[in-house]
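The structure appears right after this line, and notes come after that.
Just so it is clear, A, B, C and D label the chains in written order, and each chain counts residues from 1 on its own.
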Amino acid sequence: MIRVAINGYGTIGKRVADAVNAQPDMEVVGVSKTKPSAEAYIAAKKGYPLYIADISKKEVFTKAEIEVAGSVGDMIDNADVVVDATPGGIGASNREMYEKAGVKAIWQGGEDHNVAGFSFNSSCNYNDAIGRQFVRVVSCNTTGLCRVIKAMDDLFGVRKVRATMVRRGSDPGEVKKGPVDAVVLNPVTIPSHHGPDVLTVIPDIDIVTLAMIVPTTFMHMHVIQMDLESGGKKEDILKAFGDHPRIGLVKGSTGIKSTAELKEYASDLGRPRADLWENCIFEDSIAVIGSEFYCFQAIHQEADVVVENVDAIRAMTEIVKDPAESIRITNSSLGFNAI
Amino acid sequence: MIRVAINGYGTIGKRVADAVNAQPDMEVVGVSKTKPSAEAYIAAKKGYPLYIADISKKEVFTKAEIEVAGSVGDMIDNADVVVDATPGGIGASNREMYEKAGVKAIWQGGEDHNVAGFSFNSSCNYNDAIGRQFVRVVSCNTTGLCRVIKAMDDLFGVRKVRATMVRRGSDPGEVKKGPVDAVVLNPVTIPSHHGPDVLTVIPDIDIVTLAMIVPTTFMHMHVIQMDLESGGKKEDILKAFGDHPRIGLVKGSTGIKSTAELKEYASDLGRPRADLWENCIFEDSIAVIGSEFYCFQAIHQEADVVVENVDAIRAMTEIVKDPAESIRITNSSLGFNAI
Amino acid sequence: MIRVAINGYGTIGKRVADAVNAQPDMEVVGVSKTKPSAEAYIAAKKGYPLYIADISKKEVFTKAEIEVAGSVGDMIDNADVVVDATPGGIGASNREMYEKAGVKAIWQGGEDHNVAGFSFNSSCNYNDAIGRQFVRVVSCNTTGLCRVIKAMDDLFGVRKVRATMVRRGSDPGEVKKGPVDAVVLNPVTIPSHHGPDVLTVIPDIDIVTLAMIVPTTFMHMHVIQMDLESGGKKEDILKAFGDHPRIGLVKGSTGIKSTAELKEYASDLGRPRADLWENCIFEDSIAVIGSEFYCFQAIHQEADVVVENVDAIRAMTEIVKDPAESIRITNSSLGFNAI
Amino acid sequence: MIRVAINGYGTIGKRVADAVNAQPDMEVVGVSKTKPSAEAYIAAKKGYPLYIADISKKEVFTKAEIEVAGSVGDMIDNADVVVDATPGGIGASNREMYEKAGVKAIWQGGEDHNVAGFSFNSSCNYNDAIGRQFVRVVSCNTTGLCRVIKAMDDLFGVRKVRATMVRRGSDPGEVKKGPVDAVVLNPVTIPSHHGPDVLTVIPDIDIVTLAMIVPTTFMHMHVIQMDLESGGKKEDILKAFGDHPRIGLVKGSTGIKSTAELKEYASDLGRPRADLWENCIFEDSIAVIGSEFYCFQAIHQEADVVVENVDAIRAMTEIVKDPAESIRITNSSLGFNAI
């Protein structure tokens, strides 16, 4: 059993903890919080030992009737792998601690590529992560782009990718971030940084990305266009996507045409937290016009990287060397049912 | 085993079906839809026999690969109780069908009191529903009001209630209804209809209600004020609410100050569909100023009536005659854990 | 003075009325409403004679203290040109009335091309509208696309256009339409109908469009990409756009990065109703990557077609035969100051 | 002519500048910004001399082609009165500067009562401001409450006020603040600080207030309830409100039932920035139930204090000693037409 610590029990961290906990070959040795909160109570209810960054604040937790198991340093000493899910920018400053402890560590996409020197996606470069000490799982948007680009490149060869990310303003549980009523270009300049981030996983792709933020909480919507080497048939694409373990096809007969209806469906399916770990590609949107491929895909910003973290743990610890096998175990442990 | 049919498998119907399915003393004999949709697929995945109102449309379902078990008439013939969760206004037109079939029927709060001649809330008038053929479960807002008014009246005596309902614009899965950026008075006139609707359950209460709609999807927020017969202490109120099976206290130490954070918490707790069946009263908002009581309570419009429907089935079929016992069974079957 | 009647005094109609009223060579002979409303009071305050479709409802208006000048038929008899700004789909049914009256008529983009047999944009085909009886001004999105495509085609030659429309959910004054919290694909299928609609104005352009709806009220955001015949320099594009009478460059030094900030700016500028009649292209977004052009442009759905209607009146009545001259008069009459 | 400087040319400051500029007895000697922005361009376009807090940053403005007239210190030396509209909390730190310069100063409601030692509302305590050096104009919500409470107290005597403020999440031009989809209790605790703030203007009123934030940008909505000394008739209230110079009655026949429709109406009326300086009380919501008064009033958070600042200038400089006369001049200069 691989012992996994989750440093930062927030939006991503709490999902990674539950996903790790569901795997047959790994266990959660602890999670961390900096202050008492709803999520600290959840950790306690789930039975995850709770560690805190600043042990001098133990009393604050005790007062809130939340048991503290020790310091983050203690937690790391008990772990084979640390998943760092602290807020963007904080993770990099933890690197020295992980190096000293000689523990393997995974960062999230909010950190730069350089924090680990290797950026990961299960469907693209699992083999290159075998045995590594440090790995960065790319962001939700980059993960979603890598999956579909790799799938199309394997099928037909991709000459050029143009993608627009229409991003959610805040996560569902956030209340301070906006916008309330605006479309915000983020960035105004074209291209956005997402294209170069894809290159950390899939080098040598010609890609231009653009991004904006809109007032919604659930899922980013990607507009994907690719110039293909050779013309593809829609039926071949449907088959390939249907067989892909991390792509879900949103069937036209469900009548689902929005992120909200998709979330309702995931919720009705009984998915934990209504999480959608897969790229949700709208079947009816898939179009091949000449040698160009188009589709809409919805990306659940809180969920798609969770399964990538689990796979990264397997690659780094070498307990499973075949990417397909790791993906299979991850998916089936989570009850990753078809959408 | 009481055989329950759910006529209308939508926002409320699908939740009632799952709740009935979880009870030890009842079973789902069928659910109905009028056209193929995401929810029809969900019914199929859950194994609920699907019946359709207009059997001539069977082919439309078959084409969408959804099996049809028969007509709504067939479904009713197999049932002891029908829960009518069709859209507001449709339910009344089904009454004749239920009468002819001699089946017991429950309507929702979107229908008038007269459809059943009796309006129900488990915490208020369970005993009066014993053996009835027809019962109307009051709306989400009225249910939330009845619970807290009855609890306070039992404790201290209530002379007057003033309540403002700040209502959600659409359910999370709806995409056509707004508003996008507005506060809509609904109605503009004061008082609103909610007060009189409370009187169908708790007669002789002096109550004035007001209502408006705001651009959010999850939960209504109620501002509750009551003039008490005798001054109450906050600690007595906290104890009574803490012991109440359908009131949940949102603890201040969780830091939860909004509907969004509350939903996140319910989702983290693993509640199905993040449902909050209880009145969610913010502990820190409870105030007694002179002889006046104040609090904020959040009401999950999709969920609070679900447990009331289950209790109504028990009262009408007389399988449990003690309200507390029915409420206990309903809650424990659902894993109604403390918030 | 050209006598102009506005049939349908709503979002577009009231703006067209004010724009016509501001021109030196035309006058408003009347506007129409179907029932008393806030807009009917506004018409009265502005001194526009109010006509009603169904004269039998005159009493309803009188009761609301709004004076009725006569029926829509009476209004048309006094007009040289009718601008039909009735809700989409209604306009077509008015065609027979306009034919019988022998009056010139302009429809909006909510109607099909066939209603007039000619689709208009001042910057593209003013000359072809000279003397016509019937003209359709294309929709807000198509107008915005036509302007920028024509401008770029004139500069460099355009081989292909790919455009994504991120559309507002409702107008600012609407409260019934959503979505509240969703991205809605509209349509799910690719391409959308906007491309073919551009072809009604600019034939022989290779164009693919996609569209979605987001929960905001002010402006659509267009993502524009064009393959150019010959590579363009950003400075040439800036100059051409800067000189274009219906394109406004949003300067980077203003710090404006969103539709909301742009509206605030228009409001601060003292524009009536904060209207932005021009394509608002974000200067910092303009990029030429290889032979590809990219930019973001915000389109004010309530405003950009208003000035096109005014120009169409001049072309149809032949009072001004030079498009540049009509555009100049329209703009300067409105105080179309630089953004 | 009273020389007025506006320190802080943002949401409130830019409106106060335009309002001062419209008065016959005062002039704008300067406005201040800390960095180049859209609003700095607007100041330049309007011809207001622009001063900057940190003169060492002059070059940054020059580079953005915005002329700088001098430092804030220079601006104050030229002024009889400074209106401090800097962000909440900053204003207090400017007090020493105003004291040293011997200039009269007005702060906004984001500062504490103690910053000036006197809190102002034109309709309540204009006379007490005569000749003062320092005055604080209370916040938008408190201004709205003071006006209606004073009006009702004058009419019938008010024994108790209970009010709920349903507040906008962000101003229309803000894009960073949320919430996107939540009702946020602010504060969770009852009562809120608004009641005590009313007491700084109207002492000895028994008042309990509550507040929450919702995802909308335009106007707060107040639910007002008052226990009256003597029963009032609705017609008397309508007459009194109709005659009040700072209360506007939203007529039922307009069909306006929301903040969005109200803004549209203000925009159609040609009000600058669609500003609503008055309390917008919905005529149809006014109810007298027994000895209790109820109504809904919408308060434009960006606008209602603007006219109060103008009146405060007159009181402090003693150029007009009669409150009704100052209010009349302010209103008529702005073209404060009836809604």
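Methods note: contacts are C-beta pairs under 8 Å (C-beta built on N, C-alpha and C of every residue); 3 or more make two chains touch, one makes a residue touch a chain.
The structure presented is a predicted model; accordingly, all values stated were derived computationally and were not measured.
Trainee: Decide which interface, C-D or B-C, involves more C-beta pairs in contact, and give its chain pair.
Mentor: Contact tally favours C-D.
Trainee: Would you mind checking which chain's C-alpha centre is most distant from the centre of subunit B?
Mentor: With centres defined by C-alpha atoms, farthest from subunit B sits C.
Trainee: Between subunit A and subunit C, what is the separation of their C-alpha centroids in Å?
Mentor: That pair's centroid distance is 42 Å.
Trainee: Between subunit B and subunit C, what is the gap in Å from one C-alpha centre to the other?
Mentor: Roughly 46 Å separates the two chain centres.
Trainee: Between subunit C and subunit D, tell me the centre distance in angstrom, where each centre is the average of that chain's C-alpha atoms.
Mentor: From the centre of subunit C to the centre of subunit D is 36 Å.
Trainee: What are the residues of subunit C that contact at least two other chains?
Mentor: Expected reply: 172, 174-175, 179-182, 184, 215-217, 257-258, 260-261.
Trainee: Using the touch rule from the top, collect the residues of subunit C that touch subunit D in their complex.
Mentor: Going by the criterion above, the answer is residues 14, 36-39, 41-42, 45, 64-65, 172-175, 180-181, 217, 253-258, 260-261, 263-265, 267-270, 272-274.
Trainee: Sort out for me which residues of subunit D touch subunit A in the complex.
Mentor: Within the complex, subunit D touches subunit A at residues 168-170, 172, 174-182, 184, 215-217.
Trainee: Enumerate the contact residues on subunit B facing subunit D in the complex.
Mentor: 162, 164, 166, 179, 181-186, 188-191, 208, 210, 212, 214-219, 221, 223, 225, 252, 257-261, 282, 284-287, 289, 292, 294-296, 298
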